[in-house]
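Sharing a structure, written as structure tokens. Questions coming.
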Amino acid sequence: MAKVFDAAEVAKHNTPESCWVILYGKVYDVTDFLSSHPGGSKIILKLSGKDATEEYDPIHPPGTLEELKPEACLGIVDPATLPKDEAPAKPQEPAAGPPPMQNLLNLDEIEEVATKQVSQKAWAYYYSASDDKFSKRFNNEVYRSILLRPRVFVDCTKCDLDTSVLGHKLGMPIYVSPAAMARLGHPSGEAGIAEACRSFGAMQVISNNASMTPEQIVKDAAPDQVFGWQLYVQVDRKKSEAMLARINKLKAIKFIVLTLDAPVPGKREEDERNSLVGATAPVSSGVKAADRSADGTPDVSGPGGSGGVGQQLFAGTDPSLTWQETLPWLAKHTDLPIILKGLQTHEDAYLASLHAPQVKGIILSNHGGRALDTAPPAVHTLLEIRKYCPEVFDKLEVHVDGGIRRGTDVVKALCLGAKAVGLGRPALWGLAAGGPDGVRRTLQILADETKTCMRLLGVETVDALGPQHINTRMVEQQIYDGPSALDSLRRAFRAKL
Amino acid sequence: MAKVFDAAEVAKHNTPESCWVILYGKVYDVTDFLSSHPGGSKIILKLSGKDATEEYDPIHPPGTLEELKPEACLGIVDPATLPKDEAPAKPQEPAAGPPPMQNLLNLDEIEEVATKQVSQKAWAYYYSASDDKFSKRFNNEVYRSILLRPRVFVDCTKCDLDTSVLGHKLGMPIYVSPAAMARLGHPSGEAGIAEACRSFGAMQVISNNASMTPEQIVKDAAPDQVFGWQLYVQVDRKKSEAMLARINKLKAIKFIVLTLDAPVPGKREEDERNSLVGATAPVSSGVKAADRSADGTPDVSGPGGSGGVGQQLFAGTDPSLTWQETLPWLAKHTDLPIILKGLQTHEDAYLASLHAPQVKGIILSNHGGRALDTAPPAVHTLLEIRKYCPEVFDKLEVHVDGGIRRGTDVVKALCLGAKAVGLGRPALWGLAAGGPDGVRRTLQILADETKTCMRLLGVETVDALGPQHINTRMVEQQIYDGPSALDSLRRAFRAKL
Amino acid sequence: MAKVFDAAEVAKHNTPESCWVILYGKVYDVTDFLSSHPGGSKIILKLSGKDATEEYDPIHPPGTLEELKPEACLGIVDPATLPKDEAPAKPQEPAAGPPPMQNLLNLDEIEEVATKQVSQKAWAYYYSASDDKFSKRFNNEVYRSILLRPRVFVDCTKCDLDTSVLGHKLGMPIYVSPAAMARLGHPSGEAGIAEACRSFGAMQVISNNASMTPEQIVKDAAPDQVFGWQLYVQVDRKKSEAMLARINKLKAIKFIVLTLDAPVPGKREEDERNSLVGATAPVSSGVKAADRSADGTPDVSGPGGSGGVGQQLFAGTDPSLTWQETLPWLAKHTDLPIILKGLQTHEDAYLASLHAPQVKGIILSNHGGRALDTAPPAVHTLLEIRKYCPEVFDKLEVHVDGGIRRGTDVVKALCLGAKAVGLGRPALWGLAAGGPDGVRRTLQILADETKTCMRLLGVETVDALGPQHINTRMVEQQIYDGPSALDSLRRAFRAKL
Amino acid sequence: MAKVFDAAEVAKHNTPESCWVILYGKVYDVTDFLSSHPGGSKIILKLSGKDATEEYDPIHPPGTLEELKPEACLGIVDPATLPKDEAPAKPQEPAAGPPPMQNLLNLDEIEEVATKQVSQKAWAYYYSASDDKFSKRFNNEVYRSILLRPRVFVDCTKCDLDTSVLGHKLGMPIYVSPAAMARLGHPSGEAGIAEACRSFGAMQVISNNASMTPEQIVKDAAPDQVFGWQLYVQVDRKKSEAMLARINKLKAIKFIVLTLDAPVPGKREEDERNSLVGATAPVSSGVKAADRSADGTPDVSGPGGSGGVGQQLFAGTDPSLTWQETLPWLAKHTDLPIILKGLQTHEDAYLASLHAPQVKGIILSNHGGRALDTAPPAVHTLLEIRKYCPEVFDKLEVHVDGGIRRGTDVVKALCLGAKAVGLGRPALWGLAAGGPDGVRRTLQILADETKTCMRLLGVETVDALGPQHINTRMVEQQIYDGPSALDSLRRAFRAKL
């Protein structure tokens, strides 16, 4: 019979020496686990001695608790002894709830509704981008500076969004990029996104940091539904290898997306700022934190809070990946095709093309402006590749994400050579606004806008879109014009073979 | 003797199975007509069982009811049984009405006055443009980035706006573009615009979707007054052929304007949003609407409302027009000269020139930014033609519309080779602000500004304006610079001869 | 003995048939004068039967009344019978008055103070520019896009603003451009500006529409003070010839500035709008005014008000000036050197240089943005001349005005080849803010800023400034790049000799 | 025994003929000193007869009073007779104080907190820049228009900010530029900044106008801490020579920074405006001040106030420095390496390189936008040097300052060839926000951001950063493109040897 604890007893164990937490009504001793918590010990200590379920639940996939040793579960807490949560007591505003999804006309309206629906924490995590959010804004604005070239007297009765990725048929060239922590926005989480994608034959790339397990997410997939799985390689390679073994077994998952643009986390200030609110841990002395560390340079240290959701999620990520080491390691642990995500220069796109056929595709992305501020938008990289090494498009599938808000944006990316276009935040905002229906509405709007745009250009199929349909003159004046190292890259690569 | 119905009786017939409406005091059974209503059945069902006159009147030309079978008219309604309209009961603000038109100094002020005068529905239809209204704004702003080059010591005592279009003399190079639904703004409708044009010898192109019949509009025309008639080819070609037969009989109409830039409607969100207000029909489930349709892609579907005036007007428009099929068909049904409207690339302008002499002119237009957002303004297309195939100006008359707000805008378009310049929204705003006097004021202001500009440039006649009078350096840096397919277009065209 | 009238008696004469006005206590019958009033009869009729002194005084130079026939003065009005002016009765805010001029740090602050000091009418006339005021703003902003190139390790102990214009020594390269109606802003009027210029050895160009006579303005001039006189040639050439005869006698006036950029008035909407306020004349029917006039084009007609101060001042100006006719006519009536004002293209600058030595200089100006909106700023014309025909700088003195607000602006214009730089509105704002002291403060600020700028560039004298001190790269990308007609201009000119 | 004065007695001596002030409880007769006060006599007279300690203290280094003759100290004031300061009497807001420094996430937040902490006078002095602050803003914005080029698949486990300046090892390539008057912001003053720099191995350049003596500032320096000392050469060279002699003795000071970009003060309006507040001295007549001075040009004269802190600090600065005279003079008085500060053209950078090895480095700077408005940012000058004379980077160390607000800004400057990057205002804002901890937080944030940026670029050490990591295409379109005088500069230099 499980031992029953008073909440007051649990509350005494709130130190690094003895740290208990209550989760789903059970009492856990996590003292030994503190040092290996991927998000750091500080965040646990803040909740030590208390019921941490509400904070724990939306950001940990089910099964996470099983990673603890069985003896860590000490028993159950007597619910009657828990402090009353006074917040629900106060009569809330008559829960207006979101408007009918069908009445939302564009992605900005959906974001607006979602902003009102979600917690401050979720908003901060979803909305944030690095530093001054220049790249986040520029990702979108750069599409505005490309003009379309509609042709007339073309029969546009038919218009078809069908396409394929790595040979798999898709209902539209728009997919959901790996975006973490969907349950922060809506309880249906990443499975809710999968449900919406199923309605459209749309592809979904599952985040390494999803708030549900891959198995849960793909459980109700349609037979022909296409998923990718995003990998952040962990310093502890065994963990990544275990995950790959699980992924290899899921037939719905057709490829691995190896994310490369965030070997260390960007500085997302909304997210970090939010972590300061209600921070109860004593703020460590600025003087001490700034003292020179042993190697002569200061340690990287975040603000007084926990560093935000983004910082926590990065814990354990391996910053040492290289072309030479990582791709062979990956080949040993999966036969799935590899797509590299986060390329931002023509040099790296070219290098990736040298690694075909193991590498089958690349996603041009600056991580939604969340990694390095003033990094170039995917449109720039597309134009750079067209300028310096257009042969990349023949050897690899090229995808893009970041900044897509309109069907015209989708079309412009496709005209420049992208095979498909990913949505990050819009999928999360859709989910937060209305659950699976909200994601459906998001995809529906973009699909409708994309088809309208194609029809007005006089184009019937996705494959027929090309650079002749757009005027990129203004953007071309911003594209990198310096020396290119392609020749030396090629020589260096061959020398290694 | 006509049968008399109680309103309560009529109210019972509000289903797709039995759908009655009251129009101008008469009761109609439109059940059979529901499926063939160009604007869709939903909009009728919303009004079923009620007096629909107020909604019906401003957007249907007289004579529309005659298209119903005679037996559809069941009788008359007893006016005493109609529900009282409570809105007029409330004492209104002392109806200030618009200020004297002469006191309005520019087109922005006229729009401001009109905005206060018209219904929300009319405002939304007139004001709206596609997506983010980028093209609508850019249409105007691009004129601001062209500088004028005034010459001095030129006798500018005389200045003359006289010009001609297709050989017909005109009092000014400014005309009214086809703009639908004028009676939404003012009861005098398109005939009111015609009255104003008569005062200036200005040309008017009658919209295919005018709220009055062409016969009504040209009824009081001056002997030398010039009209064109805009054609949206209908899927049911018989309807278009019947209309052309009517037009061929109207001597005031000198040419056909075939609109090509909107084979499918653009996404005009103000207009669609307005249709949501007061939408009483139950909003259909977003989930259901988004389910994959048979061909594997989702159906295009609007928001919960009726889709806006713009969407309704497009019902029945044929999206399958081509150079090969449509022009010969048109030649069979009219001998009137053809002007093609909505060209936005030099390629299409060049193709049009190959179809002279059947095609006598082209109108460079992005539909006032109402079709495809981020489509280029007419100024871009003018510069593109000058760059790639200036011979087009010798073979065709080139007109432009979109974004004209000042006389300097008119002059700049003429300097770049436009023969005449069309006004869309400004004519509607003028009408809405003050009826025919408001349109006169609009034309007067533009004519005055145009003459002042020509005098200060040192130019006496419209024909003398040329590129030497403007500095387009800033805009030229935005013009399409990609490969041109003119050679292959020429070869393909000749192969077909 | 003068006849004494009751105001009530005068009030009856308020028609075109019998039109009396009271001016400075005297009663005038101006019925016969109505048709020849330069500002049109409407403005007089509005004041007919009333005391018009307040409106008349600030815009008519003393001596204007003498142009009436002596018998037009009927007598005096009995002051006791005049209606009481109620406005002064209400206790005003304690008249704060302007702050000490020395506390104003820049020209924007002076304009701000002036705006509070002057009447709405004066503000509207001074502030207004044509159409959307694009050129007015651009005149200033273009200076912001030129960067300075300060040199170091240069002895800048000495710095000297001395320069000369047409061989006359000046204390600074900053002068007051012809700006009309100074007494609207301050009772000291143009003589107050002259007093301020005397303090600095600064030059002043007297407006043709000055609110004081040239004789009054130069009365207290220092022996070495330099004036120019601006000429608007009148349709009635005798009037201009009479004025030239008067000017020829004034030794302080060293040259004639012939204004060419405003043969017809620009559209200054603030000024016109102001004329609508309190317009009591019935607004003429828009319909009637818009009816086609005899020559097939509508008449230019202003709004319901009087058309604004600007429109009135232009009455009588000759729009027929030409190189061939006007310069020889001018040579017959004055031996003074000629400076042509308002050139905006390199072609006209070049043509002017062919007319040396009669023409000794040119002023590049777009009339402060008051003539043609989107006309180029003087900086553009300077760069155009440098690009196409730099030899102009050797043959003529080149001045500029428009948009100067900082000493750095002055320096940039001088670096590009301007010999001197004119101020229009800033002189009027200075006068309005603080009378002669306000103008002095304006000149002082600019002189100080100019010297600071020169010192920091490492330049000791005005003559040493050159293009090497500025970076115009950004502006050069805006300069006219089209074909130049210089060769044909040269040939045409020689053919006429 | 010191004589004791009543405050009332002191108050009588408030004229130029007898001017006493109270400082730190002692009474001084400064009548004889009035004319030689570097800040002018006016500022002293305003405080004459009163206790001036509060105004005197933060802007004078200790020891300044010793420059007075001993007999100037007349005695002490009876504290009981001093007027009560009523300000402290009013109950203040509960002194919230600044938030914990660790909670401030970026430099803008630190400036915001500092703005609330400091006096209006300090804010105005720190914040102000010349004229319209165009250069101040542009200094920062120009970094936003440079894009980064992150490379992927690079091991970024290690990242090291270590670098060196003139052979001295530093913990980071970010240093504190000479910034005057630190005690205005925080009592720890420049020594507080030194304390913070010590924590990071960061370099500090001590301002010539520091509010503490160099000896005090370096007193607690770490053995390997690096300082430079900024020199404004005084008209009275003996003073500068005496200071150099003192500096030569301080081992912590490794080089002299000779400031060249401000031979005369810029026009800093916030600072000047602040000096008007509470100005009690009668405002001198604008008329009189503006009268022409003897040499024919007006005297430079400030506003009615004291001219601001900036103006006062410049008193005595020698504006006559030249390459020929000043460098040899300097060589006679110090053996320390020379860094020239304030170069803004490639010509001057090139000239500096000809003066190696006496000149060892240059700092590209426009004085934080405080000298000449519209002067180019350091980024422009870096690109100019790269374009015209890249060999400069081989001969001299090149530093920059101005506009740095983010680690990405630091990285971009380093990529363009800067060896180190200086902070001016941010160090002062940091000090004002939180004393030494605030400066530490400022340096910590920038160091963290810089390392994050380097890691995401795939760069391990400062030396490895290069132009291949950035896209400067947009900025390059702004760089000076005119003729360069390098050849003639070289010949002229050689001729002198």
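Every chain is named by a letter (A, B, C and D) in the order it is written, and numbering of its residues begins at 1.
Everything that follows uses one rule, which is that a residue touches a chain if its C-beta (ideal position, glycine included) is under 8 Å from a C-beta of that chain, and two chains touch if they have at least 3 such contacts.
It should be emphasised that the depicted structure is a prediction, and the values quoted were computed from it without experimental measurement.
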{"item": "Set of chains adjacent to chain B and to chain C", "value": "none"}
{"item": "Classification of the chain C:chain D interface as same or different, half of numbers criterion", "value": "different"}
{"item": "Remotest chain, chain B as reference, centres from CA atoms", "value": "D"}
{"item": "For chain A paired with chain B, centre-to-centre distance based on mean C-alpha positions, whole Å", "value": "45"}
{"item": "Gap in Å, rounded to a whole number, between the CA centres of chain C and chain A", "value": "63"}
{"item": "For chain A, residues that touch 2 or more chains besides their own", "value": "477"}
{"item": "Chain contact graph, described as a line, ring, star, complete graph or other shape", "value": "ring"}
{"item": "In contact (per the touch rule at the top): chain pairs", "value": "A-B, A-D, B-C, C-D"}
{"item": "Chain C-facing residues of chain B, complex", "value": "100-106, 143-144, 146-157, 160-162, 171-172, 196, 199-201, 406, 408, 434, 436-437, 440-441, 443-444, 447-449, 451-453, 455-457, 467-468, 471-474, 476-477"}
{"item": "Chain A contact footprint on chain B (complex, rising order)", "value": "131-132, 134, 260-267, 269, 272-273, 276, 283-287, 289-292, 295-298, 300-301, 303-305, 319-323, 326, 340, 342-345, 347-348, 351, 366, 371-376, 380, 477-483, 485"}
